[in-house]
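This is the structure, below, for whatever I ask next.
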């Protein structure tokens, strides 16, 4: 698998001159390395190669940067706006002493905003296999699967219940957050691969599962979660009480639901916030989000909370709804105070109501956004108590029925867009394996020799570039389709891209040539280079810990801890015997042209 | 190229299990980070270990200077004497207990400057002392004055216009003083240092090791890592270490050829 | 000296009392107090009098340093905690020192709360919590003759008294955010207005839209599209526990650190006391933040004793009675005004 | 104490730029008109080895000693600075880097050690510097920026000084350093409200004249230059090396040269040779090197050849504590070496005197044909004072040689026995006065001779000659009112400054105490000293050595009881120590 690189004797310098050295590894130890050392890519369900696309954006190759995203997550423009950003929580720049995480998500959007006019991503297409797959549901997950399957050479036909594709992206997310042209463009770039799309065709009603199972080699159900979970309290049927999701679908499909003066939103997710902010745009004067827990426990981003409050929405904590009261229509909600109990094993905290603490919150509109679950449709096979097909296998795509697969929110329950995309792609992988008996895509760790980065230490002190938003509230709330976040200026994006440490660069000291002079440690920006007595390894054989020492006789190696390293390059610059190498290490998918092996 | 994670871990373990560094002391060397002396230290370390010398039968005697601190960082017997007088002390030690392996270490100021007068006599006596000259051509401990081996034109605070005195050539001196083993080596090549030391320590007479090193703190001009790395090179294949004249000629002809210059055939008693 | 190390964050009345109590109950242990402010502990409730010049700076201070030295209580003043690791039982300081503890009492008090919607013009509003704030007020008041109080919590009423005593013109703006920690409904508002106006204060209702600085001594305030001029705007939206450093640490934080009636947090060896602790109050049917000097001292002692294994509950005053600043105060405590 | 009296320390690891920071601080404060006395203690060790501390005392009037209480500590390395806490005043302020490169366990930060009465000013020195200049190297200047802001000192003066120091190193370096300074200054301005010392009086001079910050070593070198020294031979040794380095720059401009010899033995030899040939030359060394020189020094005594040797004392014996101060070479300087070998030994007490006494040494050496030893010490050499630019006393510039009278031509007796003991000396190149000098005992003409009477006579001659030098040597100075005194404090060298401050302090408290400054160590003014002793109930002699070497030298002069206040700590004696002793002595009387 791996070519040996032979260093010219003595003169270490010329090591950096040797022709591009590339090798691939599939050793679990190396995969483990990636999980520890490139935290952002590891955190991304779709394993987006984040350092690479930030670097290319830094080089002002916006289209390429977009492509690097597109390869992994299919919807760069969309996710650049609505992603839940698990990567940023893991960004090394966010470590306490190092400041705030890189604004990875908004850089993604910049790549989309500034790519070449009419830029089209050239797919690598495979010869047709003469096999066909039906996909039910044109949401993020279904579309992602459609993309992968058709590139591999399947004939893909999609059935969508609504009259436009996009699923939650279109019907769950308000326009002020995600402009429709952006969404449409990225959906088209998938459909153009020769995918046939039938809209307005609902499974069960307009299409029958047994027909599909008969007519197609495989069927993938990615119908999402469209059944709202009710509060299950008295009065929920009163006029003026909406289910969050239906409310959003109405809003997004243009039929403005009627909201009154004072709206209460019950729920804690993105949907709750979308409902609240939409309600405001529909004319409510006073909107409150009511939480069972506290702001601390919210799963939405900090910016989201701040924007909501800026718009005048108030967030009320520690209250559990008991009943909705009112004559003729909703007039108020009775809540009871809650108290947090000790933390459970799974890290979640129990919340218990406090006896006798009932109180009333007057209102005229109640939006219940406490979540939704998958919608059942009739199909053979094992199902759970809600009638949902139970996913099988590690990758959770197969069902008990041969040829019938599930993906996306339908399979997992409500999740994020990026998870849905990852899901869809994994399902495609499984289907391809089952139908071709081989895999077309193989994950591998790609290592490429490189020279030292041109990053300057001072870039580490650049402030995180904030996303500009439409300032005057009047203008913002004026119409429902004004995008609140206006996107980075080119300069801001470029500035932000400088902040990335480029964790995909691997710095290593060659123990055979090190003279233990500690020059590197002297110039290190933090305790990233260590005097090591021994290392701990995991079952995969990868290093998981260093035993440091200051006893000279016990210093067996001087090692760079890539989990602490911020890739400033100082060490490699000063090493007297040039024993520090820099390697670009990336988690990639290799395409194998021949079907199986 | 990146070492695969598994290999890397294995590598550290093998070094750990080899105990190769057990001849060091617990003291972290106080030389400036990046100092060439680390390379020399590494070489000496490996030589002692590969010869499997019992550490308690090794004695290191030093003078004053950065190199003079060596005994503190070595897990052997050591003696830090006064400036320039390491060779006389070492002579006493060796005569008192011939069983010991005696290493005398010191810098160029210590050995060619204040102690320069001792070198000829140590060589003449040809007692089995291994004298290792850490030659970085500068006074480091007193913060950068020219040394006897500083090249002409070296600017320091004490020679603002550049030195005008000719530099001494340790190897040539040792050869001309009649040392029976003379090696010239480079701190950046610890492997060769180890090899030469193993040969020299086994040599029954006085052995002189002239090691080119750097002072990263005070010499940014001459004996820098880059200069030494690009200029030094091994002795020609054709070089015969038993040939005294050839050794002299080599030293006269080339300042940067590295290796064992001269190794006299032991005189049959 | 045993290995125990009890750590108190905060050098206010609660923190101080906790430290002293711990020293008594655990003579063998190390006791350390960490405080952001670099001054000896003083009596914050006297600040209004201090502003009026009725109380000197010296009189604000309580105990001398020697008191703590004699008791071997280590004071780290002017130092700041940025993170707590409840699993490892250690705190991280802003200057990157890591300090392990056996027991922790959080008594950091509160910082003035400014609603997000006011952030745009926060720099044009004064708050009153620290000695530094008080100095600022004293200085400003030399130059201006009128003040507008918005929000309105206990301190604000004390201050208003002071301002009137100093012969300043005072307006008081009430809205639903007012009278923290109590909810301000219509009935409450009416009572408050009456009280204030009896006291010679102009009471307004509404929400601030904007504040513009006209000059060193004049601000232009817009409330519900009506614009008027005043010398100072004082923001009194109550306190937010000063616990930014606990974000994501695992403790539940709402308006304060939620604790049970023994002042214990969800973590066994961690207690909270003083303005930053939030205890459920059946009377209010809401969580309330204990306010006032006396309470803080008391809570400090209780937290310390309980950390040392006792089980003393805080008695929450019965319905409609909270005691703060020695004033008898109830859920309509401004009636005392 | 009335007025401003502020002691500031910068402490770090060597390599942190501690010394540089101290230098800039001193210059900046001096230019703002404060009196400055600064003393750095740093190891002549390899980088990474030791602690560097600069201590500076600033005031509105001159001070000649360091106090033992520091008002402000600038920590560039907490590990090192911790050890300074005990030396801080109760209300001291501590400036430190609150963003070290990595997390530290409890008590590793200086914050863990300051007393609550002290004030901590934390600023991310390294980060600010890295941010402003792209590298943390300028963090020492960032620290100064914070200092300037916190103490309300003028940033412009600091910038002026930084520019002066770094402009030669090129625009890039200069900008980096200015940026680093400004970063600290601005950060502190917006971070800390409190301003200390902003009561600073407008001390800055308007007439453009300026005191010059001068170290003892520089003053010595300048004194030598003023006296027209032509040749310098030396060997690097702490703390004398800077003299060589300074002259290496200056001498060539004046047609002279510095030759770094291979050791002290050859250095003193070359100096004797040069003087023998009629040229002013000198060498400077410290204890260990001086010990090597003694044989040749006595050769100079014997052959009556002039030489000027600076013995910059450091703590001994042997290699001792190379970077610590001590006054323990006195007896070695006076008596060291084989045989009865009288020579002249003088000891300045402050930086200005370093200049004048060095200049005078050449004059004396030539006139009395003897090695002259100028005794300084680490504290005096390395401390910096801002002094009025010194001017040479005219007679020190004159050629001090006494040449033989033309009449003596042909019958020249090089060692002619005279009343003064001085015999005219010819120098090579003078026609008709040829002679041979030797280290062997000799007769008037210079030829060797071992007869008892001659050796006796020649020994008497050599002592007579040195005694007669008293006429040209500075007499002791007295600081006391007339009449009997309870305590008389006699002191020498760098310790005198502390003694004087203590005495003045005691006098201010109404104690009858006086001070006597002795700068001529050998020969010394017996009568003046005896008269002073007779006025005192007790004599207190503070000095920085274990035995009390000055007491040993002059203690016998009178019956008065001698109290020895000796210290072998390697650090300068603080006035408070001497004051305490004075109280003790006076207390005894009260009891």
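Order of writing sets the labels: A, B, C and D. Residues in every chain begin at 1.
As a convention for this text, a contact is a pair of C-beta atoms (placed from the backbone, for glycine too) under 8 Å apart; a residue touches a chain by one contact, two chains touch by 3 or more.
Here the structure is a predicted model, which means the values were calculated and not measured.
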item: Winner on C-beta contact pairs when A-D is weighed against A-B; value: A-B
item: Relative to chain B, chain with the most remote C-alpha centre; value: C
item: Chain B and chain C: spacing of chain centres that average the CA atoms, whole Å; value: 69
item: Euclidean distance of C-alpha centroids - chain A vs chain B, Å; value: 59
item: Intercentroid distance (Cα basis), chain D paired with chain B, Å; value: 38
item: In chain D, residues with contacts to at least two other chains; value: 99, 102-103
item: Per-residue overlap in chain B, given as positions that touch at least 2 other chains; value: 31, 33
item: Residues within chain C bordering two or more other chains; value: 92, 96
item: Interchain pairs in contact, sorted by label; value: A-B, A-C, A-D, B-D, C-D
item: Complex contacts: residues of chain D adjacent to chain A; value: 99, 101-103, 127, 130-131, 134-135
item: Touching residues (chain side chain A, partner chain B) in the complex; value: 2, 5, 10-11, 13, 21, 23, 25, 27, 29-30, 32-33, 447, 449, 506, 508, 511, 515-522, 532-535, 537, 540-543, 550-557, 559, 574, 576-577, 581, 583, 585
item: Touching residues (chain side chain D, partner chain C) in the complex; value: 96-100, 102-109, 111-112, 115-117, 119-120, 122, 193
item: Residues of chain A defined as touching chain D within the complex; value: 97, 456-458, 460-461, 524-527
item: Chain C residues touching chain A - in the complex, by the definition given at the top; value: 82-83, 92, 96, 115-117, 119, 247-248, 250, 252-254, 258, 266, 280, 282, 285-287
